[in-house]
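Multiple structures follow.
Next come two complexes, and both contain chain A; in the first it sits with chain B, in the second with chain C.
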Partner chain A sequence: MKESIALMWRRLPERYKLIGSACENCKTHYFPPRSICPKCRRKGKISRFEYSGEGKVYSFTEISAGPIGFEHQTPYVIAIIELAEGAKCLGQIVDARLADVKIGDPVEGTFRKIQSDDPEGPIHYGFKFRLKK
Partner chain B sequence: MQGRKVAIIGVGMTTFGEHWDRGFRDLVVEAGLRAIQDAKLTGEEISAGYVGTMASGALVGQEHAGALIADYMGLNPIPVTRVEGACASGSLALRQGVMAIASGLHDIVVVGGVEKMTDLDTAAVSEILGGAGDQEWELFMGATFPGLYAMMARRHMHEYGTTKEMLSAVSVKNHWNGARNKYAQFQKEITMEDAMTAKMVADPLGLMDCSPITDGAAAVILAPIEKAASYTKKPVEIVASEQASGTLALHSRKSLTSIEAAKIAGAKAYKTAGLTPKDIDVAEVHDCFTIAEIIATEDLGFFKPGESGPAALAGKTRFDAEIAINTSGGLKAAGHPVGATGIKQACEIAWQLRGEGEGTQVKDAKIGLTHNVGGSGATAVVHIYKQGW
Partner chain C sequence: MSGIVGYGAYVPKYRIKSETIAEVWGEDPDRIKEGLGILEKAVPAIDEDATTLAVEAARIAMKRAGIPRDSIGALYVGSESHPYAVKPTACAVAQALGAVPNLTAADLEFACKAGTAGIQMCMGMVDSKMIHYGMAIGSDTAQGRPGDALEYSAAAGAAAYIIGPNDESMAILEDTLSYTTDTPDFWRRPKADFPSHGGRFTGPPAYFKHVMGAFYGLMQKMDEKVENYDYFVFHQPNAKFPQAVAKQLKIPKEKLADGLIVPIIGNTYSAASPLGLANVLDKAEPGQRIFMVSFGSGAGSDAFSIKVTDKIKNRDRAYPLSKFINEKEYLSYAIYSKLKGNYKGM
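Take a look at the complex of A and B:
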């Protein structure tokens, strides 16, 4: 989907700095941010939380048929990462092919170009992950 | 189930496939008319309609599908309402129809599902289907639907030792069934080798693990059971209609080896119907990918977690074995016109219970189930059916 400048701009904190949220009542962490804690609902107290980018591979795959905007990166590895602080998120694993990755591998966050969905439009940047040596 | 008892009195569908010569409205009208004919209605008896379509706006530029269908089905001025829940849109529409009759608000209701997908190229369709997931946090990051289900598959393999061979067995069985279904997109058997060696889409899922892009429509006619006998000798009673929601994004789930919403909808449906998984003779489950059928048959209690893969490999889900799964060929072989799938599942179960299952007729099938999932599991709908005569 071609993202408007406004859509891109309002997601910058989350995409650039891995800002999510945490509930001070039940100590659950969320990514992306939520304004209501699904566990505590009205008793919850949600605050902004910045993740370190450290985590472990929970599951992964290599995309051989990439979507629009990812043609030049295909094939590439995506993974669900269990962030060290608690929540899970989805992102690419850079500088790796399928055979390099295992469930449980430690990763760290890195800042990269995500995609360009329109030659005339903005280039989208954000977090990805790389395997820790 | 609370309220009035509801039965299916007629079913109908188009063939599923690439219908270059027919548009959105042509497909849905054909399916609707076949169902009306099957129920031996004139059309005047119908007092409301519901239609499931996931993405008619994005796929063919047509919103306001309810009004279009009322108009072209010749049903004006009755109310026709569109509902959307991604790939579960069809079952959501069915559930609206059931509620409308159970509540006493309407008597004879037509329910349809439709998707016209081949007017765009594959990349564009994939992007639109991606909208069933979390656009900003899955698709934006480079995930695709095969990619999401591939991560479920890898985790299932990691936790339970499920193998690619077990996934392939699902595909081979569904193609065998599809080869015996005159409505199916792929009426062709495949071998284990075809499935195992097919081009990789998102490892471990290859092309033969993925359901296709399809045009098609399906429709059913519902009536209160006490009026059903005046239209058909074989009404199919809907004894449970349950729906549950889960997180939109896959990464927000506790587990990737089960779809929590489907487990909840299934458990509620069994409770409502007063039945257990052992009572089910035939089930249509949402095999958008082969791993989805493995997970579905565990979530619905047909097999314990981790035992569905070996069961598929051992042939326990064939039409003539322990529990008949996807006698239509499932989404894999019959095709997956997204909004139509839930209604196609209901049509297949109605045919099975009426003894019209043709090449995959399950012997003495008395109780059936449909399981329809939206996205990677954020919406799940389970219906249970039994012979109403």
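Take a look at the complex of A and C:
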């Protein structure tokens, strides 16, 4: 699952720092970032918005047959996280098994390796989540 | 004079016990535990490396310091397990912190003392007013050849220090001194998966000579003595070496205890003495003094005299090192080998 260098580089803000966007007109938050507010259309005023990484588990599941690049990480938990500031995003929950996670559990952002294309390719880093204790 | 404006420490969740490793290689677990003084060591998760550990520690340091992220003028990451041979760990850490683009950044390597070398570089830059704040990180996911004595100790962890002016510091770096020679005690050649070492040669001509050299050098330079310090932190490749140093220097056990965490997390290489210092700073009170000596094979030691200020009372206590040390999960040797990437074809 190779990703172009340019795409990887363009996504660094959202992957490293959870930078999404928010509409100053209707106060809706988006992640990943949008360049147009679907609610306000032309009246919308979109700006960059950095999420804290704090949030709670909205829903979750366990991956037992991972795609290429993730096959050695199985089983791992992925979840829809309801970010404290208002948007939802999909992310891995690290250092946890299915039995450790419940809907509504508080989480915090963490920084991990996502995947490495090949031994000579670039390493992709980005946000994941950790159960907050 | 410069000091520590903020600090952060991180240790991965996973542990493997010395007896679990000993069982695989037919060693006597009690002999290992008594000989090295290591009960268990920290193991990185499959998605952790020296970069991710450094980011974790650095983010905690930034929270503690409470300074704007674009105010970091220099960022150095010391490690012997940088994920890339060419492409700086420091750039990824700076980007993840939001400290880019107006800063200088570089990776350092000096076996187990590259983290403290970074602290010295930041001290010089702050003292000369070239920068206002600098960040020095020691971060490692150390490798030990399966079956080798190093396998019981080579661990993972990171510690980050923000160095700034002394009037903003929770601990003042009163002085520093280094002791460096060319000593072939431990090395890893390019493309080698695991380091090699000189066995017993790593003791007297390497660790002890350099740690003692830096210790006596700084004590004499400052005209100080053991009685004037409340805590001592030494590089800790195992528990035996720093305990032997303390015994020789007549340092009471209680002054060594808080800075000696190798028995429960292993040797975190570049992070080893910086993590010991972080554990001390988590407990230290204003006015107390700390003496730290790092050691890196090859070989050299950096000694520091540190005085805790009133600002330590305001430190953020949300992420003490003990939180990461206490939250742990034990691994079997099979899973440990998977996380370390020791299986062929992975």
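Basically, the second predicted complex is superposed on the first by the 133 of 133 C-alpha atoms of A that agree within 3 Å, B and C clash if a C-alpha of one lies under 4 Å from a C-alpha of the other, contacts with A are read in each partner's own complex, and residues count from 1 in each chain.
By definition in this document, a residue touches a chain if its C-beta (ideal position, glycine included) is under 8 Å from a C-beta of that chain, and two chains touch if they have at least 3 such contacts.
In this text the structure is predicted, and so the values were computed from the model without any measurement.
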Here chain A is shared; do chain B and chain C fit on it together or clash? fit
Contacts for A:123 in the overlay, against chain B (first) and chain C (second): which applies, first, second, both or neither? second
In the overlay, answer first, second, both or neither for which of chain B and chain C A:11 touches. first
With the two structures laid over each other on chain A, which partner does A:49 touch: chain B (first), chain C (second), both, or neither? neither
When the two structures are laid over each other on chain A, which of chain B and chain C touches more residues of chain A? B
Quick one: is A:113 in contact with chain B, with chain C, with both, or with neither? Answer first, second, both or neither. second
Who does A:32 touch here: chain B (first), chain C (second), both, or neither? first
Using the touch definition from the top, say if A:59 reaches chain B (first), chain C (second), both or neither. first
Scan A:73 for contacts with chain B and chain C and give back first, second, both or neither. both
If you take every C-alpha pair with one atom in chain B and one in chain C, what is the shortest distance in Å after superposing? 12
Which residues would you name on chain A as touching chain B in one complex and chain C in the other? 73, 92, 114
Partner chain C, residues of chain A touching it in the complex: 12, 16-17, 50, 72-73, 92, 94-95, 110-114, 122-123, 125, 128, 133
Which residues of chain C touch chain A in the complex? 13-14, 45-49, 51-52, 55-56, 59, 83-84, 87, 92, 95-96, 98, 327, 329, 338, 346
Chain B-facing residues of chain A, complex: 1, 3, 7, 11, 30-32, 58-68, 70, 73, 76, 78-81, 87-92, 98, 103, 114-115, 124, 126
List of chain B residues in touch with chain A within their complex: 123-124, 126-127, 130-131, 135-144, 146-147, 150-152, 154-155, 158, 199-205, 249-252, 256
